[in-house]
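Going by the order they are written in, the chains are A, B, C and D; count residues from 1 in each one.
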Amino acid sequence: MAVEKEKLIEMYTKMLTIRRFEQRVAEHFAAGKIPGFVHLYIGEEAVAVGTCANLRPDDYITSTHRGHGHLIAKGGDLKRMMAELFGKRTGYCKGKGGSMHIADVELGILGANGIVGGGPPIAAGAALSAQYRGTDQVVACFFGDGAANQGTFHEGLNMASIWKLPVIFVCENNHYGISLSQLKHMNVADIADRAKAYDIPGVAVDGNDVIAVYEAAHEAVRRARAGEGSSLIECKTYRHRGHFEGDPQVYRPPEEAEAWLKKDPLPRFEAKLMEMGVLTGEKAKQIEQGIVAKIDEAVRFAEESPFPAPEELGDDVYTA
Amino acid sequence: MRKLTYAAALNEALKQEMRRDPAIYVAGEDVAKYGGIFGVTAGLLEEFGEKRVKDTPITESAIIGSAVGAAATGLRPVVELMFIDFIGVALDQLFNQAAKMKYMFGGKAKLPIVVRTTCGAGMGAAAQHSQSLEAWFMHIPGLKVVMPSTPYDAKGLLVTAIREDNPVFFIENKMLYGLEGGVPEEPYTIPFGQADVKREGSDVTIVATAAMVHKALAAAAELAKEGISAEVLDPRTLTPLDEESIINSVKKTHRLVIVQEAVKRAGAGAEIAAVVAERALEQLDAPIARVAAPFTPVPFSPALEKAFIPTEERIIAAVKEVVG
Amino acid sequence: MAVEKEKLIEMYTKMLTIRRFEQRVAEHFAAGKIPGFVHLYIGEEAVAVGTCANLRPDDYITSTHRGHGHLIAKGGDLKRMMAELFGKRTGYCKGKGGSMHIADVELGILGANGIVGGGPPIAAGAALSAQYRGTDQVVACFFGDGAANQGTFHEGLNMASIWKLPVIFVCENNHYGISLSQLKHMNVADIADRAKAYDIPGVAVDGNDVIAVYEAAHEAVRRARAGEGSSLIECKTYRHRGHFEGDPQVYRPPEEAEAWLKKDPLPRFEAKLMEMGVLTGEKAKQIEQGIVAKIDEAVRFAEESPFPAPEELGDDVYTA
Amino acid sequence: MRKLTYAAALNEALKQEMRRDPAIYVAGEDVAKYGGIFGVTAGLLEEFGEKRVKDTPITESAIIGSAVGAAATGLRPVVELMFIDFIGVALDQLFNQAAKMKYMFGGKAKLPIVVRTTCGAGMGAAAQHSQSLEAWFMHIPGLKVVMPSTPYDAKGLLVTAIREDNPVFFIENKMLYGLEGGVPEEPYTIPFGQADVKREGSDVTIVATAAMVHKALAAAAELAKEGISAEVLDPRTLTPLDEESIINSVKKTHRLVIVQEAVKRAGAGAEIAAVVAERALEQLDAPIARVAAPFTPVPFSPALEKAFIPTEERIIAAVKEVVG
């Protein structure tokens, strides 16, 4: 599949944006500026970007506790994201949600989710809605390898399969659910095989190769838009950092981590783009600078924004 | 006024609202072809077709979860949880997702969902098909909780629930489905948070919900013969709770008996008692009394089930105790 | 596989016992003697009997809302069962459980269950216990086609598969979950295929052929006892009566029911046994008479037994 | 007495009990290699091995459900539900299976299960990782509910829980894990249903649970300076609830303030208020006051979270209000 040059650069830019954004988040978390649990996506950027590059602004996604990458890939605003992480009133959720609940319903982002496996049923519902309203919108549902054992995952796939709902189930198999290796939490190597239980297509791809993800998602999105139903895509990847910031990571063999670091999706894609002549050192530097400037701006915005006032605590519980 | 059963009143509300708004759909186990295990959704499939009336697999998390996704993207789902007892396999989607989403998103979501379900003992359905669990749902910010006791209230409250832009947990009592009462034909709404005086009285306030309203009324009629005038108040919605009406009634009668079918410990009646003890303690001339189920699962045998469900006799005894 | 003559007669007797027991239950339900919900097993006898014929008294089963057949097959006492259905103090549960909760923990019967999908996690736990205690006990977990969509089913299979637990998951596919046809509640024809998601053996058999069920269960039990882990057996069958007594059954095409009635497992097995020379008309009559006498006795026992006293309501909530 | 943190006290209880009884095993997400997300199960894997310390997949229904099957067949599982907020995906196995099984089976089952979990806000973990939901579990016959506030209580109550032959829902407060206090080295038990007077007083009774006990104690110290003598009572177990100690304290002080971290509506405090309003109303010289969270999900931002969790100041204000 030939992907347009512009698209390639866009994807590269998104991936780099996620990487830099999260590196900055890690710093501010360490500095005590960001409270709560922060689960970073570094190392998995190709999954969100390869998938969302196939989506339209009016398509939907459901995200997870590890959601910053999905949000950025779907077009989320860095300033409002960073402000939310800082717990500020100008954040996406007015400071009420934080990292695990950032959402932008207008952009079709139906929320990060603090419940492992919370997303698949919701994704089925959003897809049912698209089908019901007669649009050709689709839903990308992100979830981890650990979530693929949770009952709600299976219930969501079953519902989506029987009703031919336009959902792309995207498993981010980073081979761990917190400390538990996939080898110990499930009996199968390819989560993609679980698609057979619902008679939908299931495919496992190199999740550190953004083009491979893009292509698999492309076909799944095509199917979904055409009314042919759901698909399951398993993206094999690895998180570079701990489960959450502060994780002592006693459970991963250093050799394993090293091997995966060599497959880092970002330098890999960069090298490929250079090889293809799509990207030059100069251009890469430009992109990097643009991103850094934006993130600086986002951090400044977050830092300068006010905290919500205690009186705002009771707002937004109910729609009047 | 024309008479309808409680089930038929609910059925009419569903039909009329679905005619009014094409964004409303109904989904749940056996709601379409079967028309609902208790007949509440009968005829919907025939009138509205498979798109709007959907039989679902037996996957309650997906039933409620899909309603969340659909509601957040523009539809108005009315889904059925066949028995309230089944909430244990689906609670997350209700309490962590539906009820909290708007808040977690900083206000930027609208979740017009109705989850209809049925509660209550009395038909020998035993421990996993007979519970009254309304108290749990009162403890969930973001949710509204409805518990109608009459056909009239059932229709009006369901219409209001469907028009609400917040998730509503709508609890029907299975022993009331056959109860007849006057129900206007045209659609009408009953505002949430407005208790209804089912019988006026001056000596004691009896706050009762769902099937217990009728036992309280029977008890009140009996007490009247002995010269005790009981006021029977039905909150109708537990969230919002009409604290004012309860307190005003207590200000008049100075005595309070609370009747619920659920087990007493940590039930809805505890909250009502606590509100009065906080806000109107000085008005009370006697201890508050709660009539409720004992702290046991619901037993199967009719011999035991009868002893489990609060009776008219127990209500009368409680009233006499507080009236002194 | 050659099954011993005695075993064959025992299986036939069990199947006929279930059939006659339930026919009697239907009568007494219609007469208002049995309260609550009653889900009859008529038509599915081969599944429980073919499975339990492989079990020892110290093995375990988890049952469902449609549990009378499982109980009888595992050796349950007809008198205490009937008394329980009548809500009497002499019943298995002292009248506290009824049809949906009959149990006999001493016989390894861990209870009927009113929650669809309630059994698989419990079965995994009982199997974990056998493994932990170092016995070679196994657990048979019965559940329906409808239950095979429930999240708990998948969670139970996943846990059993990763820990190699001795569970035989027996799907009684009677093609309906109340009114909803399997064709509409799942996207696959063979539930046995769902075993692949857990890398355990999955096999679909004619659930109206008791020998076919017996043989499949035999291998699964062997595996489980040998420490080789779980299996999934799907038994295709049909319930002759409504979902519960009183079901108007508007949802099943009469032709479908007729076709299945022709495959009734009981006359089929009877004919086969006669053909094999294991059973004669005379012997069959004798067996029938024995069963009827026992059921008469059970009904008499149930009818003559006292109801529990209201004061017993509060007993048995806690272990002192 | 030797000092330990709340987390270390729990850890010691687990280790000592596991040494005593080989039928005890521990299972849950990240309890083995990781030693528990809050470190409570640290070192268990090393001492007891994989057979007795099991990391499970992220399938809470299977975690609790497997404990039910294991307990019914002779083991004594101690399983971890990582956050109480996750109960929504596993509640059925707890409330319909574990808690009811003995009753449904007519007494013929023994379910020695401990489900350990953590509750509470204060670390910016937001709406799905900060809740206090103890009231729900009080409403479940067949279950026992424990909520320790100190390292001493944590160890003693956990030992009792593990030796119990009934399912126990054991709620730890995540903000207390680092709290230090005196803890005897040898194993000891604290009987369930026995409230503890954390501070004696004569003007007002403050009933508080978990982290709120410490805020109540701080408030009491402050109030003492102003001449108000507050008694601080910690029920320690919510089922069984030590009604007698609460009532006896109220008989002495004639005033009651209840402090809980959960949202007020239909919380555990409602039940405590209702018990007193039923059994000792005439002893009260002032309305009962409840200090609790407002009716909102738990917010993320520290600016809001601070306003959500009940404070010492609010307790002081409530006491002054009832003391008049």
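Throughout what follows, a residue touches a chain if its C-beta (ideal position, glycine included) is under 8 Å from a C-beta of that chain, and two chains touch if they have at least 3 such contacts.
All figures in this text were calculated on a predicted structure; none of them were measured in a lab.
Chains that touch both subunit A and subunit B: C, D.
Across the assembly, the mean Cα position most removed from that of subunit B is the one of A. Taking the mean of the C-alpha atoms as each chain's centre, subunit B and subunit C sit 36 Å apart. Centre-to-centre separation of subunit C and subunit D, using mean CA positions: 40 Å. Remark: subunit B and subunit D have CA centroids separated by 30 Å (rounded to whole angstrom). Counting partner chains per residue, subunit D has residues 56-57, 59, 61, 85-86, 88-89, 92-93, 96, 103-104, 126-128, 141-142, 295-297, 299 touching two or more of them.
Across the assembly, subunit C contributes 93, 95-97, 101, 113-115, 149-152, 155, 158, 162, 184-186, 317 as residues in contact with two or more other chains.
Residues of subunit A touching subunit B in their complex: 60, 62, 91-97, 101, 103-106, 110-111, 113-115, 118, 120-130, 132-133, 139, 151-152, 155-156, 158-159, 162, 315-319.
Taken in their complex, subunit B has these residues touching subunit D: 61, 85-96, 99-100, 103-104, 126-128, 133, 135-136, 138-139, 141-142, 239, 241, 262-263, 265-271, 273-274, 276-282, 284, 286-290, 295-297, 299.
Interface residues of subunit D facing subunit A in the complex, by the touch rule stated above, are 29-30, 33-34, 37, 55-59, 61, 85-86, 88-89, 123-129, 294-297, 299-304, 306-308.
Those residues of subunit A that touch subunit C in the shared complex are 149-155, 158, 161-162, 184-188, 193-194, 196-200.
The touching residues of subunit B, when paired with subunit A in their complex, are 25, 51, 56-57, 59, 61-62, 64-75, 77, 89, 92-93, 96-97, 101-111, 141-142, 144, 165-166.
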